[in-house]
Every structure is written in C-alpha cells, then in structure tokens.
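Same chain, two partners: subunit A is paired with subunit B first, then with subunit C.
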Partner chain A sequence: MTSEIILQAIITGLMMGLIYALIAAGLSLIFGLMDIVNFAHGEHLMLSMFSSFWLWSLFGLDPIFSIPITILLMAFCGIITHYFLIRYILKAKMLIQICATFGLSIFIRSIAQLLWTPDFRNVDKPLLEGRLEIGSVFIGQPQLIASLVCLIAFIGLYLFVTKTETGLALQATAQDRHAAEILGIPSNKMFAIGWAIGLGCVGVAGGMMANYFFIFTDVGINFALFAFVAVALGGFGSIIGCLYAGIIIGLVESLGGLLIDPSFKLLYVFVIYLLVVIYRPQGLFGRY
Partner chain B sequence: MKILSVENLSRSFGGIKANDNISFKVDEGTILGVIGPNGAGKSTLFDLITGYTKADNGKVEFFNKNIFGLRPDKISNLGIGRTFQKLKPFADQTLLENVMIGSFVKEKNIKKARDKALEIIDFVDLIEKRHHFARELSTGQRKRLEMARAMAIEPKLLLMDEVTGGVDQKTIPGLVELILKLKKSGVTIITIEHNINIIMEISDNVLALDQGKSIAFGSPKEIQNNKQVIDSYLGTVDAA
Partner chain C sequence: MDNRLLIAKSEPLWNTNNRVIFLVGSLITLLFALPLFGLNSFYLHLFIMIFMHAVMAQSWNVIAGFSGQISLGHGAFFGIGAYATSFFYIQFGTSPWISMPIGILVSGIFAILIGIPMLRLSGHYFAIATLLIGISFQVVFQRWDLVGAASGLWVPMTSEDSWLALQFHKSKVPYYYIFLIFFLITFFIVWLLSRSKLGYRLRAVRDDPQAALSLCINVSNYKIIAYVISAMIMAPMGSLFAQYILIIDPDRVFNIEISIIVLLITVLGGIGNVWGPIIGAAILIPISEYSRIYLGGTGGAVDLILYGLILMIICIFRPDGLISFVPKDILERKKQR
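Entry: the complex of A and B
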C-alpha cells in the first residue's frame, strides 16, 4: 500500500469529518441548550437534502445557490418544531421527550415517503462537478467545496456562540435557564433560536451534500447515527468537541475501511465510541 | 416614593404555606432587611416577587405597575435584579462574560456592554479576576460576581439573598461595604440576612417572617424590641 493511497484516505476522511462535525454541532447545540436529544436530526437532514433537490427540480436552482433558502427553511422548521412540540415537553420526563422526538422522526420520514416515495433521486449535472488531481491524489470538487462550506459554517457558528450577545445568552441559558431569566433573557425565545440554528446547520450540510449524494427518505439515518457518536465523543453540549469528534469519525471510517475492511466501517466508529463511553464518559470536551 | 408594594402574597407547596398573606412596602433608595429563622419563607418571597415561582394569589406593584404573574425576564427588564442564596454563576463562562450577559439587558452594543461590565467588575473589586472562569472563583468572589451580574441590568430594586452567608469572616466587611456603596448609588435594596448585627446596621426597615407569615415590620430598633421576633428567634419560655 502506497503513501498516496493513505493520503487519499486521510483527505477523504477529513472532508467527511467536517460534514459530520457540522451535523453533530446542530444536535449538540440543541442538547446543550435544553437537555433534549433530537432523534429526528437525521430526518431533518433528509428534509434539507430534499429542499435542495426540489428547488433544483422545480425552479432550476443549483444546490450551491439554493443553500441560503434551504438554511432559512430549516431554521423555520426548527422554530416550528420548538413552538408546536418541544415547548410542551420541556418539563416532561426524559422518556416522554425521547418518545416525542423519536415519534417526530417517524412522522417526518413517513410523510416524506408518502409525498415523495422511497425512490432514490439526485441532482443531475450540478455546477459542482469533477475532481481535482494533486499528484496522485484525487479530490472530488463537490466533496471539497461541501467540506469547506461546512468548515466555514462551523467557524461562523462558533464565533456566533462565543462572541455575540445572542450567543452568550444561549450559553447562559444552556447552563442555567432560571439564572438567565432573572437577567432578562427569555428562555423560550432562546430555545427557539437554538432549534433554528441547530437545524440551520443541518440545512448547510444537507444542502451541500445534495450535490453529490443520492437523496432518499432514509438518507439521514446513518448520518444521524454518526452525529450521535460525534456528540458523545466530543462531549454533550460542546460545540468545539463536535469538530474534533467529527474529524476523528471521518478519519476512522476512511482509514479503517482502507486498512482493515470497508465492510466494517460503522464498526470501527462504534468501537471508538464504546472506548470513549467506557474510559471517558463525559467525552473529550464535555461537561456532563 | 414607594418603589415596591406587596399585598397578601401567598404561596403553598402541598399543605405547607411557604408565604401566607405577606404585605409590605419599600421606599425608594432604602434598604429593607428580611429576617427569619430557616424555613420562614424568605427566599420564597424573593422567588414570588421576581416571578421565579408563581404566587397563588396577592398583588405585587413595582412603581405602581402590577407585575404579578409576569415572566421573570419581563420583571428583570423592568428593573428588578436579584442574587441567589444558592449561587448560580454561569460556571463555564468568565467573570466578564457573566456580567456582560447582564449588561445586554440595557446595552446591545457588544463593546459598550463590555465596557460597562468592566466598570461594574471594578466596582465590586474583582477586576483582576475578569478573565477567570466563574467556577475558578472562591465563594466570596462568586457572591460579588452575582452582585455584579445583578447590577449590570441596572436595577432600580435589587433583591439580595444572604450575601454574607457561607463566606469567611474576613470577607464580610467588604460585602457589607459593597451593599452600602450600592445604596449610595441610588439602588433600592431588599436583603435577606441571617446575621442580625449586619441587618440592624444597614437596614432602614426590617421585615420579620416566621413560618411563612409576616410577624413584624418596622425600624431596626422596633424589631429588636419586638416580643414576637424575640420569641421566634430564641423560643418562648413555654417552648423552652
């Protein structure tokens, strides 16, 4: 095995890892804010991919141009989810919260199958096509641009959360909503913003992946699984932890597939996850 | 001028009346001390005024505006700040960030909010600790942090829950001085204290609670000589 092949696997792993990181960051933000696990995160990713697909199919908008619309649609979806479902279960028992978001995932997937059938779709001839050849390493242009956009979105999210008024208020609400309320921060509004940003992240990732991934109603399941692993690995509620964890997962998946056996890619990721759960249950950067 | 008027405020938890028809008034620019044995309902009274806990019935007026039933963030925006007996700093944020979060209530510009926060941190004598995480501060410093954070919302009325509780004796004079400095700056204060000497020293009026009921209200001297207050603190001869 040559060093070029290993380098190829590392670059592929890094690019996938950045996408996993952004998907996980959305999940982590929502969990960190209100201790609710969004089991419908994969379905939200699927919705964002379909949003890109339909904007292309119906209006001829290439996914790279429809990204802002997809982000806005997903953010709106997040606000709706909060006001019509989540706010009613905020004080409920954890089992009820799990059932609610798990039920939401089944609801969204069923509606999607009813409306759009389980057929595989793809965006035909998107603007981002082809590949770059650097020495003997090949990098798919859509994958490269998608990972870079996800990285930029991630940095934007991090700066927003750590440097802006709303970001600091979100952090305060995540730590102690009652103390935040006493300082004039409306927690319900913060939760809605958290959902909007969380699903906005998924909008970026899904919108970019629509360039090169098949789009179907079950597409989000594996991504959601990796996002859950990334959140646990990075530390529940830690945004920066998601970046490291996403990259680790991307690299383990890619290098494990190359060096051992590609059939067991999921297994390698979950072995890492189990090791973290056993030896560092709070994750790499977690508070819990 | 009356800044706060509380009438017949009540709250029960199951069969226990934590606050039972509490009524009192606070003049602007004064300090009202609230005393009472453990479980008298002092912190619950703060929870009810700030909307942290919903009252069963009663009336709370702030500058003649009814604030009963408002959400805590709305009450805070009107100008009522508070600190907690069980401290609630945002542990994973720095002291500066903690205070800035309070500053944002009145100042949306991030630079101005930061400057204002620094000014307040200086006021509470913690400027050297401004970049320390709240979790790294001592109990006394966290008490100052909570005061600074509450001050950052520019309250007209500040409710302070056992500011001197749980801190070492050396720290107490500094905290008392800080309370008096706050009063001097024009903030009206209601403070819960177990340390009777401090209450008598700093308060203009004192409200004594026992088993959820208001048993006395008056000047520190009147309260000191009130038989019911003495009984509730020291016990009656029969009880002994």
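Entry: the complex of A and C
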C-alpha cells in the first residue's frame, strides 16, 4: 500500500463527503425547523436523479443544464409534501411523525418501481466525462464538478440561512415557533419554505450525481442512511455541522473500504454513529 | 399517566370483562374449528400469514407501543430465528423444536447487546440506529460463508411428514395449528404483560420518562427488558417461517419489508393496544395477498404502494389506529368498586 493509494482514497472520500454534506444539510434544515426527521429523504434524492435522467432521455437536456429545473421540481415536491402530509402531523406524537414519513418513503419508492421498473439506468455520454490526472492521483471530472457544485450550494445555503431576512425568519421559527409567530412570522409558510429549500439541496446533489452514478429506485437508501448519520454527527439542526460530518463520513467510508474491506462500508459508518450518539449525543458541533 | 401506576399492582386475571371473555373464547373456538370445514390451501396460507404477521406485529408493539421506542430494524430478530433453526438442522440435524429455543435465546442475547448501548438513545436517534442495525445484519449475512452467504440455506426435505423435523408436505393443516397455537400463546403472554406491573411501568416510561424516573423506575433497564421480550417473541416466528417455506436467504428474512410491515400492521390496528396487531393483520394481510394476485406479479410493488398510502392516511386521520373506532367500554377492564 503506497501513499498514492491512500491519497487517492482521501480525495475520493472528500468528494463523496461534500455530496453527503449537502444531502444532510437539507435533512438538518427540516429537522431543525420542525423537529421532524424526513425518512423519505433518500427517496427524494432518487426522485431528483430520475428527474435529471428523464430530462436527459426525453428532451436531450444534459444533467448540468437541467439542474435548475430539477431544483425547482424538488422544491415544488417539498411544498407538496408539506401541504399534503407534514402539516397534518406537526402536532402528532413523534412515533406518528416517524411512521408518516416512513410511509411516504415506501410510497414514493414503490410508485417509482411500478412506473419505471427497478432497472439500473445511467446517462449516456454526458458533457462531463473523463478524468484528471494530477501526479499519480486520478480524479473523475464529473465527481469533482459535482462535489464543487455541492460545496458552492452548501455555502449558498449557509449564507442564505445566516444572512438574508427569510433565512433569519427560518432560524427564528426553528428556535421558537410561537415567539416567531407573535413577531409576525407565519410559521406554516416558513415550514413550506424549509421543505422547499431542504429538498432543493437534494435536487442539486441528485442532479449532479446523475452524471456519473447509476440511477435506480433503491439508490436513495444508502445515501439517506449516511445523511441521517451525518445529521446526528453534526448535531441535529446544525447546518455547518453537516459539512464536517459529511466529510468525516466520506473519509471513513473510503478509507475503511481501502484499509479493511469495502463490503462493510455501512458498518464503519454505523460504528461512528453509535460512538458519537452515545458519547456526545448533541453531535460533534451541536448547539445544545 | 395511568393512576394505577401509583399503586403499581398487576391486574388480576379474573378482573376481565365478561364480554371480552365471550368474544375471545368464541373466536378461538372458531379458529380451531376452521380447518375442519375443508379450506383449500390458499385460505390456509392466508390464515397462517395472518397469524404469523399478527405475532410479529405484536412483538413490535411491545417495544414501540408499550415502551415507546421505535425500532425500524426488527427484521433482524426474525432473521436470527430463521437462521438458527435452518443452520442447526442442516449442520447437525437438530430438530427445530430444540433449535427454536436456541434462536430465541440468541435473539434475546443480541437484544441485550444491542439494547445496552442503544436504548440510552431516544426518539429519532434510536430509530435511525435500528434502521442501520437491520441493514447491517443483512449485509453481514450476505457475506458470511458459514451460513451460505447470499444464496442462503436450503433445508433438506424429509421424505415424509414429520413432527420432529417440523415438515409437512401433504397438507398445510399442521402448519395452521402450529401457527395458531404460537399466536394464542404470544397474545396471552402480551395480554398478561399489558396488565402486569411491568406493563404499567413500561407505559409510564413511554408517556413521561422524567416522571417515571422520579418514581424510581429505571428507565433504560425497562426499555431493555421490553426490547428483549420483543426480540424473543419475534425469533420463533422466523424459525417457523423458515420451516414453512424451507428456503431462506438474507434478502428474504432480513428484508426491510419485514420491519415495514410489522410497523404498518401495528399502526393500522392501534399502537400500544394488545388487540391492535390482530385487527391490523386481519385487514392488511388479505389486502396484500389479494393485491399480489390481481395486481402484482409483474414486479410492480403494488402492495407496497398500498402500505405506504395506508400508513400515511392512518397517521393523518387516525393516529390511534382502527381500534379507536371500537367503543371504549367493550375493551375496558371491569370497573373497580
């Protein structure tokens, strides 16, 4: 084992980690806002990859150019989810909330399976192809661009939440729904915005991943699991924590796969999750 | 919180509503007499599946309904039970009657091992951890060569029907009675549990952990007890299922669909209620089997679409499940003087 291979694994992990971070940020935003974990997050990722795929296969639109459309579609999907499901279960017990979003995940996945069959698909000859060679390290071009776009989207999200008026209103609602309402911030609207932004993040990640990842109906499960872990690791509700947590998970995944055995990737991440939630339940960068 | 908690006494057995005794008694008689009417094997299969899923859902009900911890990876214990009997039968020719208790024991031990670190977590953390546990079990068994890795285990068929090897090829009636008896035993145990001191304490832990703690109830110990009981109820169903279909593989017995369906049945019927899982299973299993006959078969997961839809509708409109349609005084215990 040479240092080049390890360097390669670190870079691969870093690039994957940035994507996990953005997916987790969407989850974390929704959780911080209304204390609901979106168990259908992986399925939303799958939907965004499929939207990118169908735009390519029906209209010949390259995944890079269809990103804005995918984001809009996903944001719309988030508003629909909020309007038809989430607003009814806001006051329900946590158990019911978990069951409801879990039900949504089963529903979306099996509808997709019915409509599009469980076949594996991929985008043929996208604009982004090939790889860069730096020294002895190979970097896939689509992966690199995807992780950079995710990083930019992440920074954009962070600036939006911390700097703009709507973002501050979101934070206020997250901290105290009723106090925010007294100050004239409509919490229902904020929740809808939160869902739109949260799933918009997933739209970016899914749209960029459609360039190089296989697209199939079960694709979301692993990403959603890693996103859950990232959210717990970064501290539930903390957005900047997701960035570090996503990168940690990406590194653990690729280095663990390299040094021990790639088929047990999930287990390494799981061990990290258990260690963190047991010894530091507020997460590594939690605000509590 | 239930004010019976303050006296923390278990409900005596004779303190049961006569109507409930009559209803349950006639139902049991009917179920025992049913195969005598000459049901064909599809209906026998349907009833076997209802019994099996009712027990599995009841197992989930113990951890989620009574102690309030949502486990999304309960299929793991089902798989352990299934693998225990098949593995010992293939390797050593042990009768399932002997290996089934081993499976139960192993499940219980795993529940303790998993429970000690994880039941200190609560709410979402626990749900996510169990989701990971369920998938980890599947991943490990898919790569474990000793138990056949991804291709699974094939139980060798006996040439004749045998009670010792628990295999019946001529008719499904013996399976029907075995599942029925396990179903009745489990429900009796859980019914007793729900009226016992332990049951009241578990519900106290679920409703208000802080208050329970202040009443000297060791919250995490009680959660672990509930988890172990729940795992031990789940395991024999895996064993019986393995003997029923005689071929198991990780994708089938550790499937996330098992964890989904137990959750769905319980939520549909009424979570935290002993009768909920029966109602849920009796409604959902026929729907799923018939939708597979008429709509499925092409790889389209129509029954799963229905599951998801039903789950969301129940969560929105009837969070207490279908049992909440039943007037309360039928199921309530006799009024104390």
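Assume the second predicted complex is superposed on the first by the 286 of 288 C-alpha atoms of A that agree within 3 Å, B and C clash if a C-alpha of one lies under 4 Å from a C-alpha of the other, contacts with A are read in each partner's own complex, and residues count from 1 in each chain.
Rule of thumb we're sticking to: contacts are C-beta pairs under 8 Å (C-beta built on N, C-alpha and C of every residue); 3 or more make two chains touch, one makes a residue touch a chain.
Quick caveat: nothing in here was measured; it's all calculated off a predicted structure.
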Once the two structures are overlaid on subunit A, check if subunit B and subunit C clash or fit side by side. fit
By the touch definition at the top of the document, which applies to A:278: first (subunit B), second (subunit C), both, or neither? second
First (subunit B), second (subunit C), both or neither: which does A:168 touch? first
In the overlaid three-chain picture, which partner chain does A:69 touch, first (subunit B) or second (subunit C), both, or neither? neither
How many degrees, to the nearest 10, separate the directions from subunit A's C-alpha centre towards those of subunit B and subunit C? 90
Using the superposition on chain A described above, determine whether A:179 touches subunit B (first), subunit C (second), both, or neither. first
Which partner does A:187 reach: the first (subunit B), the second (subunit C), both, or neither? first
Counting residues of subunit A touched by each of subunit B and subunit C, the higher count belongs to C
Measuring by CA atoms in the overlay, how small does the subunit B-subunit C distance get, in Å? 17
Go through subunit A and flag every residue that touches subunit B in one model and subunit C in the other. none
Can you check the complex and tell me which residues of subunit C touch subunit A? 64, 68, 70, 72, 117-118, 120-121, 123-125, 127-129, 131-133, 135-136, 139-140, 143, 260, 263-264, 267, 271, 299-302, 304-305, 307-312, 314-316, 319
Within the complex, subunit C is touched by subunit A residues 31, 37, 85, 88-89, 92-100, 102-111, 113-114, 117-118, 221, 225, 228-229, 232, 236, 263-264, 266-267, 269-270, 273-274, 277-278, 281
Considering the complex alone, what residue numbers of subunit B touch subunit A? 50, 52, 71-73, 76-77, 81-82, 84, 88-93, 97, 100-102, 104-105, 108, 110, 113, 149-150, 152-153
Under the touch definition given earlier, write down the residues of subunit A that touch subunit B in their complex. 163-165, 168-169, 171-172, 175-176, 178-187, 287
